[in-house]
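Okay, here's the structure, questions in a sec.
Order of writing sets the labels: A, B, C, D and E. Residues in every chain begin at 1.
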């Protein structure tokens, strides 16, 4: 059973990845709420993931071009797993910070103590 | 009768074949990018979380489109089903009314905008520059199955031909797989430690009672008799 | 920086600060029995403090009692504990008869025991059904009401009403039983005998019910006596007091010659507990499960009493005797009498100046004191335990607010 | 069906495929809508039977079967009000998120051999993943209704569903391990034949895992003893206190939809999907049920089998609901962490060992050679996915690709 | 232990407490001086031979005849009477205590009479005293949380007093 892959090429995926990446960076830069920064990180990671999968996809691999093959997919897999772990730890820190300072405002987190 | 029906449809809808793959790609890409930008723009942190869910869901769709179904399902389950639920919990715990929408001063926003635009320009230029990446993918490709990925994670590469050259045998991913599982275990224990019950619940009434001695010996009816006023002459 | 220092200095405890939420349950809450508002101060799921607000059903029946003669006030006693109106009427009638030093006929005495015990069965059935509703299961409620309907049919034949009867009145009863009533009552008891055993499988031995009630809301005997709790709440904590046996002479005289055992756990055993399911291992004496189990035992106890009352009533010859005149002159003085109602000991106190209309009328409600102990039991429990504890006290708001 | 449209009517191929997709989507939507209607009526009747009363009798005919229609009209007529403190967009969006989550999991569910929305290679994984999304609808509803009670309900439900996903995931992996593939169609195919081929009877471990799966399923769908979210005795009605009318009916539809989905999944994974207890198709000489040329009757029989099993699962859930009281939130969590997860893990290990020593399973001769899959791949045959429905891409050329069946 | 011995013991333990006694009434009662009430109750519960650990009921009876014609014929002068019904769970004995309080504190209307609260002796008295305060207007000194229990918090007047006049309206609702 064959699948025709129309005009979509790796470049399209890369552009979408780029948009997600820049949105993530902007979100991290703009947001004052610690959770907003966390969401920015998630977006950045997803942008990267998209590129990995795009390069590793057997659909988009043109003839004779060095495609990542399975490595792309496995890399994306590990990124998703570790992003989950990272989010857990980041949230634990944010909530403890909230608990001590009653605010998650990133600008107020200026003293190193506590 | 079929000829006129055929004529009618072709007259009505000029293009012969829609490129489904492209159509769905545009749909999911639009949702993903739109939601991502909305995440940046909205101030209400709960709305941000919702847009993030939409964006990551659409990215999962893109993964399905790109043929890696396992990664798409994994993204839906782990990322959207797990990480974002965690994030929303965090939002719920901290989103008291005054914290819900913190606004950054206008100067920083402009600066961030310029930075983002510059970064975006660089990325797009590099994405489009390589000619090989612009050519559309292979015409016919067999439907994806998760078995090669599963086998690869066990260390046996069954998709040798995909890599194009037999000289260098491809290495499986058993070692990184084990490392990640141990890593997750460590994170699990760390998170559990951070979130351990901080405050003992006030001692349950059960413990209170256990310390109290049994009820005083109550005389049965024969000794006590009916209750009568102690002032009555015959009081015991 | 508000570091939450635990009493143990070494461990610096910090907790995700969820400020204490003031949550109120009721007064339109589906689980509280009638119009009761519970204000809970909760920290997350744990209730740190519970305060009941009552008075939503307050009709000031005592003020009205100062303008009505003793017999005219009977319908007001119906509306106090509307699930056991017969026992309320009996309590008030006996208090007035105590003041008048009036003795009712032998036949009326046995009929009063019969009717009061039947009403106790009906009240405990509602208690059981409503308690199942509190814990989330709907079916026992309908089974309980199916049996209660049969008792209400019997009452309807006897006095024409199904909820607020005004059947027992000062000086006897308003009417004698219609012919064939005793046979129908016996038929009801015969078919009810196996059914009540089956009801134990519905709730008492249900694993989840035991998990939700055993060891929850434990009431120590001292606290029960100190707060003035009475009835199944007191007996559930192991205190062996039942006014039908230990009450005032005028009340225990009614139960003279009736053989019955008080449903209380004495040194680890309930009376006749070989016939009923065993006490679950993690049930502590005085918890919700025991209060519920005492009520289930009292239903069986009341059935025996009704059978004995039927035999004695049918042996009495002669007329039932007329109740006293509507405007009976009350001698000067005061009288207080407590009777054993399904919810607990219901006391009536009346002061009279020698006129037909009493000077002051006071009703001491059992659920009033039973509910007073609820804040003590709910401290430190989970939100889901609050309806379990309040349900186990089996309170009726009509009686509390009067 | 698409070929039929293309050859006979000569529609342009893309229009044919849209028509096929539209019909498939319509069918699946009706399965849920129809199922919900039937289950509303069934719930009332079963509750009545358990409580020794009649249930609806007067609405429409003798057995009150129009009762669900009457409910539907009432819900439509009811006014959709929204509390003023509510966050408008989230409040309106929540029911649809919840409904879409439970609806789009039906895509991967095989009703008969070839009657499946999309034959995903990661079918089981996809269904479990999408079930996890339903919790978002509930959280949004709880947060957006701006009332303390609904927030309580939402937090409780979210904690419960997220924690029950762990044992659910473990239980689901066992049939995948037995069948050697995550594709629901393959799993069901491997259970063809007599009753003994079903995975529930494969070995004692899978038998226990089935019951653990069913408990976790009941919990993750918020039914019966685990329905903390709308525990009416404590919190007034949990997260959908503020909803009424059509929006509430979407939550209701989502609940019944996911209830049916979870029982259907149980049927496919453990009870042999569309294979009946007696392999009537092969006994009657019709060609092997799994080949494509079988007449439509076999497919119809398959659908009936699966729907029957799923409905049985739903009826048991209703039966449990009307007999057991509700568990407390900490008891629900302890059952999950202290009972379901360890048992699921143990049984998982048990099945692994069983696979090693008795690959043939309890009944010799059944075809569960998971190891066979590995050889097939190594010899380069690979388990080509023998199915004709092209998921997404369209073959511009008119060449038809002949399907090789790998068994 | 004869009834009079019991009264003798009580007087020995708490001198000046018993002001009057009526033995031949249906429920014989002792009249206790208001200031000695708390001390008597503590003695009755803790150190008396028969431990009165159960407080059954606290009632306030308002002895006052509002219309002057009947007031002339009445043998008592207006006062508020508190009736305490006690009960011993061990020996099934009951006891009635009565104290007489002025209707208003040093006779200016509006000032409600005061008496010591027995909540420290029996925890059950808490709600009974709140009800007596709410309906009959008696201030219990030392009560942990003396608020109205049956009527709304902002209700004026004490309904169970004989000379109580129903308010015309309450929060816009017509009284009469």
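Worth pointing out:
By our rule, contacts are C-beta pairs under 8 Å (C-beta built on N, C-alpha and C of every residue); 3 or more make two chains touch, one makes a residue touch a chain.
Model, not experiment: these values are computed from the prediction.
Taking the CA centroid of chain B as reference, the farthest chain centroid is that of E. Using mean Cα coordinates as chain centres, the one most removed from chain C is A. Averaging Cα coordinates per chain places chain C and chain E 26 Å apart. Centroids built from CA atoms put chain B at 12 Å from chain A.
In this assembly, the C-alpha centroid of chain B lies 66 Å from the C-alpha centroid of chain E. A separation of 21 Å divides the Cα centre of chain B from that of chain D. For chain B, the set of residues touching two or more other chains reads 19-21, 65, 70, 74, 82, 84, 89, 93, 140, 142-144, 148, 195, 218, 224, 226-228. Shown for chain D are the residues in touch with two or more other chains, namely 384-385, 391-396. The set of chain A residues that touch two or more partner chains comprises 1-6, 95-96, 98. On the side of chain E, the complex with chain B involves touching residues 1-3, 6-7, 21, 23, 27-30, 50, 87-96.
Within the complex formed with chain A, the residues of chain B that make contact are 19-22, 25, 29, 32-33, 36-37, 39-40, 45, 48-49, 52, 55-56, 59, 62-63, 65-68, 70-71, 74-75, 78-79, 82-84, 86-87, 89-91, 93-94, 99, 102-104, 108-109, 111-113, 115-117, 119-120, 123-124, 127-128, 132-144, 148-149, 152-153, 157, 159, 162-164, 170, 173, 176, 180, 183-184, 187, 190-191, 194-195.
Those residues of chain D that touch chain C in the complex are listed here as 47, 50-53, 148-149, 152, 225, 227, 231-236, 322-331. Within the complex, the chain A residues that touch chain B are 1-27, 29-33, 35-36, 38-39, 42-43, 46, 49-50, 53-54, 56-63, 65-67, 69-70, 72-74, 76-78, 80-85, 87-89, 91-92, 94-96, 98, 103-105. On chain B, the positions that touch chain E within their shared complex are 216, 218-219, 224-233, 235-236.
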